[in-house]
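Note that the chains are named A, B, C and D in the order they appear, and that numbering of residues resets to 1 at the start of each chain.
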Amino acid sequence: MFEFIYDILQFFLHILITDFKYENFLLTLLSGIIIAFAVINAVLGGVLALIWGERRLLGRFQQRSGPNRWGPQGILTSTADAVKVMFKEDIIPEEADKYIFNLAPLLLVVPVFIIFSVIPFGIGLYAVNINVSVLFILAVTSISGLSIICAAWASANRIAIFSALRSVAMLISYEIPVGLSLVGILLITESMSVMDIVNFHNMPFILIQPVAAVVFFLGSLAEINRTPFDLTEAESELAAGYQNDYSGMKWGLFYLGEFAAAIAAASVFSTLFLGGPNGPILPGIFWLTIKVVAVLFLIIWIRATWPRFRIDQVLNLAWKGLFELTLVNIVVTSIAVIIWPDGESNRMIYIALANWIFVFPFLFIIFRLLKTKNYDDNDIKKVTYPVGSDKPKFEKAGN
Amino acid sequence: MKNWNGITLAKEINSHLEKSVLDSNDNDVYVDPEKIYQVMKFLKETSGFSFDLLSSITAVDYYDHFEVVYHLKSLITLSKATIKAKVGYGRQDEPKIQSVYSLWKGADFQEREIYDLMGIKFEDHPNMKRILLWDGFPGHPLRKDFVTNDQSIVEDSKK
Amino acid sequence: MLGFGLIKGLSVTLKNLFSPVFTIQYPDRRVGLLALSKHLDKPISKILTETPKIFLLGLVRMVKIPVKIDQFPRFRGNEFVWYDDRCTACASCAKYCPLGIIEIVTHPGGENMQAGENYAIDKFDIDTGRCMFCGLCVEACPYDALHMGTDFERGNYERVNLVLDKETLISQNKNPSSWFRPQFEENEYNPWEKDLNNPKEAGRHEKPSYQNIKNKWVSKRKLDG
Amino acid sequence: MSVKSEPITINLGPQHPSTHGVFRMRVTFDGETIIDVEPIFGYLHRGSEKLAEERTYTQVVTLTDRMDYVSSMLNNQGYILALEELANIDPKPRGVWLRMIASELQRIASHLVAIGFLIQDLGAWGTPLTYSMREREKILQMFEMLCGARITNSYLRPGGVFMDAPLQFWESLNAFIEDFPSKVEELENLLTSNEIIFSRTKGVAVLTAEQAINASITGPILRSTGVDWDLRKTDPYDYYDQVEFDIPTHTAGDNYSRYLLRVQEMRESLRIVKQCVEKIEPGPVRPHHDEVPNLVRPPKGDCYTAIEGSKGELGFYLVSDGSISPYRWHVRSSSLINLTLLKDMLVGTLFGDLFVTFGSIDINMGEVDR
């Protein structure tokens, strides 16, 4: 992708002047800008479509029609929102720490766009190919916690501080299960680069590593503050938490960052576990969009149905639930990898079977431990207070 | 749900606590305000009455005196009774009565509301202050002699 | 077991995803070409030839059609219907209104003699800005002169316009609601479909004879207690 | 070593997305656990008890349905029963049956609001709330057929109801009776066996029977602690002794049992409505003007009647001095008294449980502040 654009630019440059001292620097800079421009606009387009799609889908889940006033079927709603937010007044609270207050939205949005630089959109259609891209993704996702802290601390608002402390505790405790759940895949493919993982085998990794997929999905739900882990801006308690004091385009950036993070999480999940752009007939880019849309549908579906956890249950689930699951997964996969080394014919099927048999039941055992006592129905009818057991005095004494 | 006849109830109370009942007719009992706490304690604890649910406390302003009305219900004997106490004669002194908060916690908000709107103070109530109106509100609105013209309230509360 | 309750919840939301939309679009609905042709009862080809612009909008489902919601005959709307020929200005509606917002000024004059006394009405104002539309005035009117209205799109910019004075009450088109008027409901009168067959006799109770009024309001009232 | 942590006081003020109205709580936290809660209300105090002293007895009916605006038919019924007992009017049978149908439908609507907003506070992004509001919409449309207004329906008059139900009402009522059980079933599938709701509400803010009775808490909260106390059964008014229904009680006394109890009560109310529809026969709906005039003049005296409102025991204390307007009109507001134990329930729980417990008590600010 990069060389392709580099040659085209070189061809055009040679028409004007043949040799130019800084030619190589200029061309790399220009093609880099073009690729970055393309990727960012693709993601922004995706965000606008996701905002519209989510609001209408949530509406349809609740038997109402969702926004349909601007443009046919409400397609221009998100653009109308964006334009409105740009012109809204930009308030900075009095005792706010101005610089950190302005820095916070950028800190949230920029890392999300960086993730897309590593994701392959098709065969050879990628922005950058680093050989440790999985590590790169994990490193970049951890910056968003910092931005939430900056936003809350700068806006000097007690409820925002509540939401920031909650979100830091949650993000840190969920980074470890997310990181460890990928170890299984790395063991099998012996390479950290997303390109190798994608074209390693035609069978998607979700079948080979079921538990790792579940843990990664739940972890990424917590990373992007989505139900059932949306504790940072729990409407009923904190009413938009750290975004309380933001208005105008700063709030717009937060809103955009939140939805872009959802697309990022969905695309990372589909590249790693659903095999990214490879699929039978259609070109790579279509397969990636179909998988991302499917994962986004699942995220929105969960958001429309499940209530949210409490902070202690969220941390409980992370440390006592998902963490152990990833360890079990690593142990089983490493044994499977040793038993069936590289040369085997249908090695993947054996590993997949090993995972399904040994690791999948653990999912229910550990979640069972987390759950509270089930509601036993027999104590419904037990009446504890003796209503009407005694007679008033004037009836008792018979007078 | 049987209704206690005021006269029989008055006889019962009088037999245990002398001279605590001033007057009674067939559906309510007038109790001497000083002895209200003992009467209520008796009604709550003894087995034949066991009025464990204090349904409601209200106050009525009859120009020359106030009347605090207690409606009691007993879940155990499925019976209900009304106890009244006349307080604050002649309107000069601040009307005062003993609070029943220590017997029934349910009396907390209702007594504060009576103090707030009617002006009857309940002694040894945990936090005896206004519940509905703001603290600087002049006077007690539910009294019959409370004249309402909007301007006076605004100015008085500014003072 | 963990997970099965949650999955059952997901299945309920999925079932509702495919069930029809429950909400009503108001004040107008955006429709495609089929519904448009049904609404204008013109074939689609005619729409194309006569008004191509609407045809294009219809392709993109952007054509707006006004929506009529089915109201109920007893709906207490935000206006009043007043038959001035029946009103004897006895002001029982003004007395009976909890908020006291009906203002009636009369002078004894013989011009419009009606059943009962002969007061001529100078001023009959109902301040619908402060009215809570409880309908007690309609209940108190002995001569069925005052009815609840059925219109509810009555927003406007000044409070003064909300006061219905005598002229507007007489001149506005009257479709009274059948609140506390059982005689309307006997002949299935519906303020939105059927207009009043005979406006003069609309909602007329049996005509109270003089004798009937005398012993009803004077002698039989128990003045004791 | 213990980390020195300072308590934070937060003002969950009158303007907050989930205080169901203008209710303010000054809450002090130590980290996430609640140390102290001080409820402050009075923001919606309209002085209806003082207003009633200048209004006639029938005009007070319009005052009652603005008190607990989510269950206005039940307020009307409570007040009219007190008035009928005071002025010893004997109501017409058809009027009483219609009144019972309307108040049981209103109880279902009020429970739907309670459940919808309780689950909304848990965070299910409004889907259960929209489902329950969709059902409540059908009930409000039936009220509009009956009395012309959806919420402020002053439908009752001393002696029965003010007007008979139109034919349209009976068709939509039968349709509602047929399809409502399946809708409750759907709501239960979505919520009752939901593990997250289990873990969020079970064992939280537990109340014991003695604690509740001592704080004169009544209604679903009392029944959720195992006390079999429902005024429709123990002190039957209207024709509640001619319909048979049973009172669901639980013993856990926590948020979950309060939620589950309201769902079961909705089914019982539907049973009552079904029996009322069978038992109703044609007849006058209201005594003629001459027996019960518009300006009722009850004899001198006082009376206190309490009915089973949707939130607890709703009592009306009427004192009359023989004139056309009540001398004193006190309302025993069940929401106000159900709040007495809010502090004991909340201290020790986490911030997340604050609004869930508050939602499970299900108060209505119009009734708290009157």
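Everything that follows uses one rule, which is that contacts are C-beta pairs under 8 Å (C-beta built on N, C-alpha and C of every residue); 3 or more make two chains touch, one makes a residue touch a chain.
These numbers were taken from a predicted model, which means no experiment stands behind them.
Q: A-C or C-D: which has the larger count of contacting C-beta pairs?
A: C-D
Q: What whole-number Å value describes the gap between the mean CA coordinates of chain A and chain C?
A: Chain centres of chain A and chain C, defined by C-alpha means, are spaced 53 Å apart.
Q: Could you please state the distance in Å, as a whole number, between where the Cα atoms of chain C are centred and where those of chain D are centred?
A: That gives a centre separation of 30 Å.
Q: Calculate how many whole Å lie between the centre of chain A and the centre of chain D, each centre taken as the average of the chain's C-alpha atoms.
A: Result: the chain centres lie 42 Å from each other.
Q: Between chain B and chain D, what distance separates the C-alpha centroids? Give it in angstrom.
A: About 25 Å separates the centre of chain B from that of chain D.
Q: Tell me, which residues of chain D touch at least two other chains?
A: If we look for residues of chain D contacting two or more partner chains, we find 127, 131, 134, 190, 194-196, 198, 213, 227, 229, 234.
Q: Considering chain A alone, which of its residues make contact with at least two other chains?
A: Touching at least two other chains: 61-64, 304-306, 371, 385, 387-388.
Q: Which residues does chain C have that touch at least 2 chains other than itself?
A: Where chain C meets two or more other chains at a single residue, that happens at 2-3, 6, 9, 12-13, 16, 22.
Q: By the document's touch rule, what are all the touching chain pairs in this structure?
A: Those chain pairs satisfying the definition are A-B, A-C, A-D, B-D, C-D.
Q: Tell me, which parts of chain D touch chain C in their complex?
A: Its residues touching chain C are 55-56, 58-59, 62-63, 127, 131, 134, 137, 141, 144-149, 152, 154, 162-164, 166, 168, 186, 189-191, 193-196, 198, 290, 293-294, 297, 299, 322.
Q: Provide the residue numbers of chain B that touch chain A in the complex, in ascending order.
A: My answer: residues 2, 4-5, 8, 12, 47-50, 74-79.
Q: Where on chain A does chain D make contact in their complex?
A: Listed in rising order, the residues are 58, 61-64, 158-159, 162, 166, 227-228, 230-231, 234-237, 239, 303-313, 371-375, 379-385, 387-388.
Q: Which bits of chain C are touching chain A when the two form their complex?
A: The contact residues of chain C facing chain A are 1-3, 6, 9-10, 12-14, 16-17, 19-23, 25, 30, 60-62.
Q: So in the complex, which bits of chain A are touching chain B?
A: 385-397, 399
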